Amino acid sequence: MEGEERMQGSRDAEEFGPVFTLTAGPSGSTQTTSLAMGQAVAYDYDPSFLALYRDVVGYLGEAFGSAEPPVILHGEAVLGLEAAAASLISDTDVVLNLVSGVYGKGFGFWARRYAAEVVELEVPFDSAVDAEEVGALLAQRPDITIVAGVHCETPSGTINDLGAIGPIVHNHGALFLVDAVSSFGGMPTDFLAWQVDMAVVGPQKCLGGPPGLSLVYVTEAAWDHMAANTAAPRSSILSILDWRDAHLVDRRFPFTPSVSEIYALEAILRQYLNEGPSRVHARHRQAARATRAGVQALGFELWAKTPAICSDTVTALKIPKGVDEAALRERVRRESGVMLSGGQGELIGKVLRIGHMGPAAYPMAPVLSVTGLGRALRSFGHSVDIGGAVEAVIGELDKE
Amino acid sequence: MEGEERMQGSRDAEEFGPVFTLTAGPSGSTQTTSLAMGQAVAYDYDPSFLALYRDVVGYLGEAFGSAEPPVILHGEAVLGLEAAAASLISDTDVVLNLVSGVYGKGFGFWARRYAAEVVELEVPFDSAVDAEEVGALLAQRPDITIVAGVHCETPSGTINDLGAIGPIVHNHGALFLVDAVSSFGGMPTDFLAWQVDMAVVGPQKCLGGPPGLSLVYVTEAAWDHMAANTAAPRSSILSILDWRDAHLVDRRFPFTPSVSEIYALEAILRQYLNEGPSRVHARHRQAARATRAGVQALGFELWAKTPAICSDTVTALKIPKGVDEAALRERVRRESGVMLSGGQGELIGKVLRIGHMGPAAYPMAPVLSVTGLGRALRSFGHSVDIGGAVEAVIGELDKE
Amino acid sequence: MEGEERMQGSRDAEEFGPVFTLTAGPSGSTQTTSLAMGQAVAYDYDPSFLALYRDVVGYLGEAFGSAEPPVILHGEAVLGLEAAAASLISDTDVVLNLVSGVYGKGFGFWARRYAAEVVELEVPFDSAVDAEEVGALLAQRPDITIVAGVHCETPSGTINDLGAIGPIVHNHGALFLVDAVSSFGGMPTDFLAWQVDMAVVGPQKCLGGPPGLSLVYVTEAAWDHMAANTAAPRSSILSILDWRDAHLVDRRFPFTPSVSEIYALEAILRQYLNEGPSRVHARHRQAARATRAGVQALGFELWAKTPAICSDTVTALKIPKGVDEAALRERVRRESGVMLSGGQGELIGKVLRIGHMGPAAYPMAPVLSVTGLGRALRSFGHSVDIGGAVEAVIGELDKE
Amino acid sequence: MEGEERMQGSRDAEEFGPVFTLTAGPSGSTQTTSLAMGQAVAYDYDPSFLALYRDVVGYLGEAFGSAEPPVILHGEAVLGLEAAAASLISDTDVVLNLVSGVYGKGFGFWARRYAAEVVELEVPFDSAVDAEEVGALLAQRPDITIVAGVHCETPSGTINDLGAIGPIVHNHGALFLVDAVSSFGGMPTDFLAWQVDMAVVGPQKCLGGPPGLSLVYVTEAAWDHMAANTAAPRSSILSILDWRDAHLVDRRFPFTPSVSEIYALEAILRQYLNEGPSRVHARHRQAARATRAGVQALGFELWAKTPAICSDTVTALKIPKGVDEAALRERVRRESGVMLSGGQGELIGKVLRIGHMGPAAYPMAPVLSVTGLGRALRSFGHSVDIGGAVEAVIGELDKE
């Protein structure tokens, strides 16, 4: 069957119209980012690619606000988190794992693989970890050497106040390992002021890149701890140590980096730095507030127990009894071309999530998500005030 | 420093002209592939992406000649190899590792992490493993349960005759695990006839895609063996089991797949199947023969001990005494825009490699590599007959 | 100042967020179309480009519903209209020019350059030409040889019923020359049934391509008339005759065709034919009805005197006294990222236009235009019911 | 036949491998240029497009070395030439048309349409116009008001010394109208020093853009002359006057500009200015010399009578008796993926042309053209020394 044709375009014919990706990530991409990925695949040791890689590491350090060169791992952000657990945590470490959602919970499983002991401070998944409780627990357990926390719990749309927790951890003398995957780039994340020792970030959330890389902020203290861990992965995709300073001239890559993902990373970091972090954060905040006002006007309750802990990057709604979350979301997509996210882990079926991160944090995005959701609810026979919800959205937008 | 501009285009200014990527991989990309990557990043659960993912798994099965759905892992091909070792090999397995080069040697390190014992059959890195010796060794060691082999040793430009070895392994009752990363798509790799149980392939070699995925051929026997391995990774980037049937409707991805890499994979598989494997293999063979003729006419010796074991996908040359391989290669790139590969592992400085794989397997590629190499040699004061070398290339091209 | 850098990206920094192009055309482009333009510029006599050109002419004929090969002129649609006037109309022709808007009026100027006499049947620009009046006028003037009419008057958002007029023209024995630039591809335009002899279309309206080509439907009768016109342009960009059958093998192009525009044309025609004209027309109709309902609920009056003559492709609104149209439109763009069109010719300042053509004819487009317009009105101190307007839009959308 | 699929990719299957476009133009495009065209089509009055248009006019002025804003016409370069004739030449003008090739000859036809009289100074098409003869003729004809000349005669690969001719024309008091389509950007063209009054350039030659625009250099004297010409086109695609200052804020475009062509123009001008004209010219010169050396070593004679008049942008070869030019060129394309140009006008069948302009002016281009040509000759039974020809190419390349 040599030369038989495979058709392209079959997907074109099935549906028409733009898809508005308003999800918990991947969050779409700007045209600049997409076209950056359209560049020919370079050989990884081509001098132009090596120069680009060095530029990218520099931009990332600038975005992190770090003088230390950060590390890029060549797999989606869960690689960064698993690698951080594997590299940082040894069997002499006692880990305090702060749990306020699915991701925090999940990190505990990885931590237990490597730690002497994992202590968990868990709060309900609609709440946030309290800094004072962290302090109290640390006071009880002076043997804790590493504290792990999640900044934005993407499945819950909630934020932990790491700026309050970090200094407590630091004063305790423990290392602070942070999952900032879905907050970095959409909200202030001042790793330096927060005294974070290691943080993992992904390009596919607030930066608007493709999934496929982990971006790791590492301090000298964290490097030292990993270097001292004789069980830290080496010659493995899980190795962070192998990739230290891989961007330097005359160093070799431990394995072939994901060339096209690096093209995208360069593009998204340049856009982020050119737009300016404070402006980027402001439009996330605006989109978040407008989204929350709109969905509440539609009659939804927010999943988060209090407004204060709502993330500026993603909003989780409670699905009322009698509503099939998956069917609702599918209808929004089909009728209105708006793609939303469902629940994750134990929240499947219970929450629906609207992303307003990265390229989706623009003023009209909440109009689209709220209208699409309203239309779908109505088509399932629910009586909703879509006009009122759009007015609520606009009310928030026009405050700024 | 909000809003400060980062300049793009600084690289544009430094050099002009096309870069001819004639390397051991990544091997460049066709325009069709590059533009496929230029599509907007979709949400991974968007229905259009789910449909694309299913198409891709179907195309990959077709390319593998397999009725079993293959598995895509979301990291460069070394992930597939490490994951295969971690998943397939348990502490009840005795592994025979066939070593004829850097990659075979490297696999032994991974195998030792997991196996009860690793037996190695090693030949010099300019040679190939002999099927009869494999048979003899297996006869001596009936306890061997897994045999691991490399089809194309990319660093050496050599091929092992897996078609002869596979049936011997199968008759012994062991599983046959194959690294076909740099041969698949450029040479016949009949996993079914060769009785391979598991094979790992990468998109960035003969298929002409970006690095960033591992493509894994798995038979039922291999699935059973992995399922029985209680230490096989789960909830890990190293897990193959987690990704089994991830393409099926109503299944969830273990973590976010690399969306844009999947775009490229769809494009390269469609191009490969449309062109037709036998035609693709023929142009690799033609480019390989022409390259070998040309470099020998320039005065180089092939690294491979005998012509019979030379790969159709990459050619390794011996670097003569007194020639600085890195400087030579850099000169070729700078003077002629031709990017070649150096040695790897213990062959660094000893060999230079010319890729003729994927998008680089076209008739004029050997003219470019040979001319570029000749010019650089001459500029370092070596006397070479470039005209004669080009004539040697053309002589081979015009045979077909 | 050799090598000094020009910055790219300065525009990136100034604004963020998608731009929703809801204009009278250019109407944006789908991703498929944009990426088609991203292909390398081919030599116009490259065999692959010649094959593509032939394909495109075939697709265009199919879209026109014509067995005759159509003609592509290499300049924006006004070239096609001017060239049609110059080629078809000689000093022996008496032309009846049907005028119901700015474009019809404008055509009269061109017709007068070439014709023996131009008779004009003009109606107010918010109305449509009446077929019976055309018949009556033709009865009075048996010497009329050419009738020129505009299907969709883009500046007015109105339609003339050419299906009623065409047969009258044909029975009179005159040639019927039609401007279908902004209706073709968005509404039924059955040139054959309407007995049109020549029609000019542009890619940048309902087909969603870039401006830069004129697509000309020509019947044998029109070819004969042009051939008989000794003053018809030759060796000129205005020549239609020069380009007849330029797509045939072994013919030469009169001058270099616009290679990248042809890439886009191939892509948009393939998308149009794959989606299917009747489905394409249905979504234009839906978007048009929803837009009209929405803007009326915002308090605007439609420019068109009666709903029956409103175009499915563009809606023109009357600007109320005291509203600065340009400032309003600028505000919509800046606040909401929604780009609308102003008036043209004598309608500047009097009308504002919302396009719902080509890639802009999707269900959520009217939500965006109406909301954006409402927000801007409110920000200028006007009291408007945006929620009610969105409900009106949804009411129309959900009828289908 | 709604929804029936049109296949894409049929062309992919027919051939494989890069196409090396080494033609007289369109000359291919860099990746940066291609991706610039992949941007979504903007509305022409979108503020971001208006800003881009102003940038482009600025870059073009800079490239022209002109303080006067240049004019962009929205059709391929022949539009610019025809429009220049139509706009500048009135029936009170006596034109001296300098003819040394097909394009100069062709311009005479246009000039005769508009001029009171056209005087022609014609030399054989393998020669150049002599400045002294121009002076002598002007002395005889004080009534000559416009002199028209071609810088590079693309069909002949020859150059006229406009730097010598321009001041003579100026001293005579005539306007100097120049066709610099295929030299601008590849060779020094100092319009100011040469005292050129108006020049027409195309993006698809030495700048490496798509065909579809005319770039017009206009001095105040030329504007005055056009303004005084009451027959100069207005409300026509042939109007230059209509487009004067169309880039200024609050001006309207006479008709829709070719949006995507402007994207490309911005990209190519930025690349040209960033690389630096003198560096760009140097690589054209190098490629030209190497090409000429190579084809002469293959046994071809250059079409140009003397080396001094050979263009740095394109080389024309004499086709020996008994060689079928079209068949030879087709063979080069099919065998080697190298696209060359044939003859034009009366030179069809007599010359074959190799472009080394824009993106094709790189060191290895002559290796590709000469090798491809050599292989094709040999396949037709001619005995040629390809190795020697490649050595001749390299000899020239390595001089610099």
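Per-chain residue numbering starts at 1, and chain names A, B, C and D are given in the order in which the chains are listed.
Simple rule for what comes next: contacts are C-beta pairs under 8 Å (C-beta built on N, C-alpha and C of every residue); 3 or more make two chains touch, one makes a residue touch a chain.
Predicted, not measured: the structure shown is a model, and the values here were computed from it.
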{"item": "Most widely separated chain from chain B, with each centre as the mean of CA atoms", "value": "C"}
{"item": "Option reproducing the contacts of A-D, where over half of them reappear, out of A-B, C-D or B-C", "value": "B-C"}
{"item": "Chain A-chain B separation of Cα centroids, rounded to whole Å", "value": "32"}
{"item": "Centroid spacing, where centroids are CA-atom means, of chain A and chain C in whole angstrom", "value": "44"}
{"item": "Set of chain C residues in contact with two or more other chains", "value": "3, 5-6, 8-9, 13, 31, 34-35, 38-40, 270, 274-276, 279"}
{"item": "Contact footprint of chain D on chain A as seen in their complex", "value": "3, 5-10, 13, 31, 35, 38-40"}
{"item": "List of chain A residues in touch with chain B within their complex", "value": "1-6, 8, 11, 15, 19, 21, 23, 25-29, 31, 33-35, 37-48, 51-52, 59, 74-79, 82, 106, 109-110, 204, 208-212, 235-238, 255-261, 264, 270, 273-279, 330, 333, 339, 341-342"}
{"item": "Touching residues on chain D, where the partner in the complex is chain B", "value": "9, 12-13, 16-18, 20, 31-32, 34-35, 38, 270-271, 274-276, 279-280, 283, 335-338, 359, 362-364, 367-368, 371-372, 374-375, 378-379, 385-391, 394, 397-398"}
